[in-house]
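A quick write-up on the structure given underneath.
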C-alpha cells in the first residue's frame, strides 16, 4: 500500500491541504464534466476550474471527474464552488486513509480503494473519493485512469437506467464499478494460489514460500482496504439524507452484498494460504526425513562393514584368521548376510 | 467452489443478464410446473415460457422449477410474467455469490448452495434460488438435478402437510431439503477424518497430509457456503411480509436450528482437522527422531571402533603392540566392552 | 459424539418420527410417573401409555420419565395426550442435535446433553429432552439410566423444596442435575491433563501426543455440547411464559452461572492442552538436538583421528615417518591433544 | 486453581451447604466486626454468632468479616440473622466458581478471587465474597488473611473518606483492594517474562520452556479469574438498587477501569509469552542448524580424505603410485588443497 | 511500556496522590498558560500555582500546560482552583494506566499515550492527560516535551481556526496532535519490517528473529495504547455535555477515523510480522535441509567407497584379487562408475 510513497506527516491543523501525487503534465486534462438528462448528453473534457459556475446548472445532472490531487488551488476552487467542507477536502487528499463514509450538510462523501493488478502481476491501490451533491456527483482520482469508462459508455446510451435515475444512482454506479473490480483481483489471487499448490506438491523450492507469502501479503492489504468499506456502506445505507431516493437503496444493498462476498472470499483465501503454508512446511519436513533416511541406511549398512574391513587390515603379528584359507570369502559372506539383514530391517520399518 | 468456472467479470450495469452454465440440450426440460391444492394435483413437466399466463392461476398453489440459467430470454420472460425485479434476476444468475436473502415488494427471495458429494468423493456446489410469491414458489437450479424429489413425492400424497399449508410452507420445505443435505456432506467429512486419523497413526506418508488438507479445504468452502445462510435465514425470520403465515414460522425456526447445528459441526471438524495436522507433523518429527537415533547409535558405536582398527592398521616400524601375542584377542575384548558400555548408556538415555 | 451411531438421514418432512436407539427389552420400564404434592407422593414405575389420562390429574404435580426413543407409537401417544407439537416430538428424536430451547404455546422445551465418563475412561454423550407443562414435567432419555436419581430421592422427602415449589422448580432441578455432572467430566479432563504433563516432562513417547489429542478431542465435543446450552438457557431466562414463576427464576440464573463456569473451564483447559502440545513438540525438538549433539561430538572427534590412522596405514614405499622410532607414541600424543582440544571446544559451546 | 482441592461434587439440591476448606483451629477468630460512624469506631475481634443481634445496630455502619467457610452452622446463623438467600450462601461456599455478581432483594452480592504470589513464587487464588446490606458489609474469606488490612487502617482514621461515605463506599473499597492486588501479581509475571527473555537469548536449556509455560499457565488462570469480574462489575454498575448512592458510582467506575487495565495487560503478556515461545523454538532450530553444520563440515572435509588414505592402504600387488618417490608428499598436497577448497566453499555458503 | 519504571503499588485509598516521574530541576517551567481570544494572545511561561486566580479569567480562553507530575502540592493547588475531582487527579497520576475518558460534572477528561521513536530507534510511551473546562483546557505531561509545539505556533496566528473556535476545538486539536504522531511511529515499524524482510531473504542469522520479535513487541505495546483510545473517543463523541459545541464534533469524528486507521494498520503489521516469522522459520528449515543434503551426498558417495578401499586393505593371506594385475585400475573404475551413478540418482531426486 505504497509505504514508500507516504511522506513524513507533520501534525497539520484540521483541513490543511498539501499537493499529493505527481505533478500532472501541462497537457493533462484535470477536470472533465458530463452533463446529462434523460434526453440530453454533453461531455466537456477540459473544464476550467474558474468556469464551474457556467458549467454546472440546476436543470441537468452532472458528473465532474477530477484527475489529480496535486493542484491544491484547483481543489480549493472546486471546494469553494460546491461548498465542500474543509475536512472533506482534507479527507480527499489523505490517500493513505482507509475507506470511510461521511455525511455533510449538503453532501454525502465516500472514499474507497480502486484495486487493480498491474502488468508485473502486482496489486496496486489507488484512492478514489466520490461526493454526491443535489444534482451532481464529483469523483476524485489519485491519478488519471480509465476505471470509470464502463459508466461513461452507458451514459452515452439514452435508454440506460443511469440516464434517468438521478445522481444518486450514478453515485452508486461509480462505487459499484470499484467493487466489481475487486472480483478481478480476487480471481488473480485464486489463480496464484492454485498454481502455487501444484508447485508445492511437486518440489520444495524456497521460492514457493516467498510466493505464498506474497499472496498472503496481497490478501492482508486487500482486507485492510475492503473491511472498512463494509462499515462505510452500512453507514451510507442508514443515511436519512434526502439526496438518496428510497427506491434506489436496493442498488446500494446489492453493492453491500458484493462487498460482503469479497470479504468472505478474502477470509477463505487466507485460510487456503495457511493450508498452503502447512503443506509447504510439512513438505520440507517430509523431504528432510527422506534425506535422513538415506543417510542412515547407507551409514548403518556400511559403517559396521567398514569396521570389519578395518579389523582385518590390522597388522598384528599373531592374527589367526589371516592365515585361514577361506577367510576372504567368509568375509564377503558375512558382509552379504549383514547387508540383507539390514535391508530386511529397513523394509520392516517402512524406511524403504 | 468452481474457481475455474468463473468467467472474467466486467463491470456490467445493475441487473444485466448473461448466459450462465452450459447450454441445455434441445430435449431438456427447462420449466416444470406443479399445481396443487389440498384436493388437486397436476404436474406439467414441460412448460412453455410463453404460456405461463395460462398455467398459473390464482386459485391454486404453484411450484415452478427452472432447470437452467443459460437461456436469458426465458429468464426474462419468467421475470416479466411474475414481475420479478431486475436485481433479483441478476442475483439468480450470480451463481458464485454467497447465500443471501432479499425482500422485494411482492416477493421473498433466497439463494443458497446445494452441496453434494459426487462419485469421485469430491464435494460439489450448486447455486439454488427460491422465490416466494403470493400463491407460487419458483425455484431456479444451476443445472438439472433430482434434489427436490422428496418434496415432489410428498406433494403427490393428498394427506401431506405440504399440500394444505400454503406456498410459504413449500418455500420452507425446499430450503429444508437443501439444509438437510448438508448433514450428508458433513458425515462424509467426518468419515474421511476418522479414516485419516487411523492412517496417520499407522504410517507417515506424505499423502496423508494432502488428504487432511483436502478435508480442510472442503470445510473452508462449506463454511463459506453455510455461514451467510444463517444471516439470510435470520433476516427471513424477522420479515414482516404477509407472504409468510405466522403459524408456519415454527418450521423456519427449525431450519434455522439445523443451520446452527451445521455451522457448529463445521467448526468442530475444523478443530479436529487441526488436531490431525498436529498429529501428522508430530509423527514426522517423531519418526525423524527415531531415524536419527538409529544413525547416532550405529555411528557412536562403530566410529570409535573403526578408529581403533585403523590405529592397528598403521605401518609404523616401531609399533610394540603389534608384536604382542594377545593383542588380537585383547582388541576384540576392548571392542566388546565398549559395545556393551554404549548399549548401557543408550538404554539409560531411553534411546533403545 | 457417536459419529458411528448416526444413520444416513434422508430429508424427511417436518415432524416425521423414526425409531431411535436400540429396541428396548420386553421387561424394560418405558414410562414412569411420579405424582406429588407437598403432602402426597406416589411413584408408578410402569405406566401404560394408554392409561395416561387416568395417571395425570390436575390437582397434583407429575414427573413423567420416558426411557427410550425407540417406540414411535408410544411417543405419538404421549405426544397426543399432552398436546405436544409434532416439531417438538421430532426434536426429541434428533439425538445428534445440539442443545436447544424452544417455546410452544403450552409447553417449554429444552434438549441438552447428559455427559458422563464411562468405565473405559471415555466420555459418553446422551441426549435428554425435558418438557414443562402446566403441572407436569416430562423427561425423555435416549437410554435408561440413573442420572436423575438424586432428584428422585429428594422428592421422597416431604420437607424438600422440590415438593412444594411447583413443576417449574422440578424442571430447573432436572437441568441442574445434568449441568452439575459436567463438573465431574471436567475434573476427569483436568486429572488427565495433569498426568499427561508429568509424563511429557519425563519421556517423549509418541503415545503422549495421542493422549493429549484425545483430551483435546473430548474438550472439542464438550464445547460443542455446552456452548449452545448457554444460548438456550439465556433464551429460557427471557421467557414470558407463565409456566415459570418469577421467584423461581433465581434458580435458573444459578444454573446459567454454572454453565458459564463450565464454558470458561473448557476454554481454560483448551489453552492448557495447547501448552501441553507445545511442551511435547518442543521436547521432541530438544531431544533431537541432544541426539544430534552426541552424533556430532563423536563424529567430530573420531573422523579426523580415523583419517590420521588411515594416513599411516598407507603402503607408500617412501614414507619417512613410518621409520621414525617415536612415530607411534607421537601419533597417540596428537590424538590425545586433538581430543582434549575438541572437548574444550564443545564445553565452550555448551554442548556438553 | 487448586484442581487437587476440588472434591467430587454430587448434584446437591439448590442451596445445600457443606464444610469448605480446612477446619479452623480452636483459637482462631472466625467473625470480627468493626462498627463505625464518622465519629465512632469500635472493633470486636471475636464475635459470637449468637450475639449478632446485639452487635449490629441500625445507627452505625458495620463491617463483618468471616474468616472460614468450614463451619456450616455458623454460616447458617449469619445467613439467618441477615436474611441472606440460601442461593447466596451456597455461592459463598462454591470457592471454585468464577467471579459473579448477583442482586437479591435486600443484598448485593459479589464473589471474586484474591490473587497473590506466595513465598515459592507461585500464584495462589482465594475466593472472597462480599455482601452489601443496608448499613453493613459482610466479607467472607476462604482462609484467614491480612489482605484487607489497608482498609482496616484507614477506618481507624476519623478523617478518612471511608468513615463518612456509607457502607457502599466500604463495599467498593474492599473490591478495590482485591483488584489493586492484581497489579502486583501482573508485575510478578512481567518480571518473570523479562528474566526468561534474557535466559532464552543466552542458552537453550529445556527448563526455559517449562518456565515459559508456567508463566503462560499463570496467565491462563489469571484470565479465568479476572475476565468474569469485568462482567460482574458491569452488572453491578447498572444496578438500580438503592443500596448504592449515585455519587459513589464514580468509585465503582474507577475499579472497572482498573479491571479493564488488568485484562488488557493479561492479553499483552499472553502475546509476549507466545513471542517468547517462538524465540525459544527458533533458538532450538537455530542451534540444531549450527550443530548440523559442524557435523557436515567435518564430515565433508574428512570423509573424502579418509577414502583417499584408504585407497593407498590397499595391498594390491600391482600398485604403481606406491613405488613413486614423491607419492607421500603429493598425498598431503592433495589433502591440503582439498581442505582449502572446502573451507572456501563453506565460507561462500556462509556456513562459517 | 516501562515495566521497570513501575513501582510496587500498595492499595491506596481512592484519590491518593504520590510523586510520579523524576523530580524536576529548579529552573524548569512547571506551569505555562496561554490566554487567547480571536483578537488577543498572551503566553505566560512560568505561572505560579498560587496565582492561578489572577491568570485565569472568564472572558478569555486558556490553555494551561503542566510539565511534571512530581510535585503533588502543585497538582493539589491546580486541582483545587479548577475544582477537579480527586479521582481525576489520581487518574492523571496513574501513568501506567491505559487510555480512558471520563466525564465529570464540570470537566471532560481524557488520558492518552504520546508515542514517539527516540534516538536509539526505540519506541517511548508518555502519558498525557487533557482536561476540558468551561473556557480552559489543562494538559498534563509526564515529562517536559515539545509535542504540542505545532498547536502553540498556530495559536500565534490570529487567523487560525483554533483562535476562534472555542476551548473544545483546542481540546480536540491536542488529541489530534497525539494521534497524528502515531502515524510517524507506524511508519517507523513499517520501515523496520521492510528491512527485516530483505535481510531474512538473504541470510538466516539468529539476530533477525530477535529484531522481528522486537517489532512484534512494539506492535503489542502500541496496540495496548491505541485500542482503548478508540473506546474512549467513542464515549467522548456520545457525550451530552454542553462543553462541546455540536459543530465541532466533526473534528472529533475525524480524529476517531484516524484512530481506526491506526488500529487497522497495527493489525495489518501484526499479520506482516507473523508472515515474516514464518519466512524466518521456514528459511531455517530450508537451510537445514540444504546442509543435510550436502552431508548425505558426501556420505552416500564416500562411505561405500571407503568400505571398498578398506576391503582391499585387509591382510588375508589368501586374497586372490590382490595378485591380479589390473585390480588397481579396476578399483578406480568401480569407484568412478559408482560416483557417476550416485550423482545421477541425486540429480533425479532433485538434491543437486
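Going by the order they are written in, the chains are A, B, C, D and E; count residues from 1 in each one.
Following the convention adopted for this analysis, a residue touches a chain if its C-beta (ideal position, glycine included) is under 8 Å from a C-beta of that chain, and two chains touch if they have at least 3 such contacts.
Note that the structure is predicted; figures quoted are calculated from it, not measured.
> Out of curiosity, which chains are bumping into both chain A and chain E?
The shared contacts of chain A and chain E amount to nothing, since no chain touches both.
> What are the chains that chain B and chain D both touch?
Looking at chain D and chain B together, the chains touching each of them are C.
> Roughly how far is chain C from chain D, going centre to centre by Cα mean, in whole Å?
26
> CA centre of chain A versus CA centre of chain D: separation in Å?
Those two chain centres are 42 Å apart.
> Would you give the residues of chain E that are in contact with at least 2 other chains, written as numbers and ranges?
Counting only residues that touch two or more other chains, chain E contributes 281, 285, 288, 292, 295, 299, 303, 306, 310, 313-315, 319.
> Flag every residue of chain D that touches chain C in the complex, lowest number first.
Contact set of chain D toward chain C: 3, 6, 8-15, 85, 87, 90-91, 97-98, 100, 102, 203-204, 206, 209-210, 213, 216-217, 220-221, 223-224, 227-228, 277, 280-281, 284-285, 287-288, 291-292, 294-295, 298-299, 302-303, 305-306, 309-310, 312-315, 319, 321-328, 331.
> Would you tell me which residues of chain C are touching chain D in their complex?
The contact residues of chain C facing chain D are 150, 154, 160-162, 173, 176-177, 180-181, 183-184, 187, 190-191, 194, 201, 250-251, 253-254, 257-258, 260-261, 264-265, 267-268, 271-272, 275, 278-279, 282-283, 285-286, 288-289, 292-293, 295-296, 299-300, 303-304, 306-307, 310-311, 313-320, 350-351.
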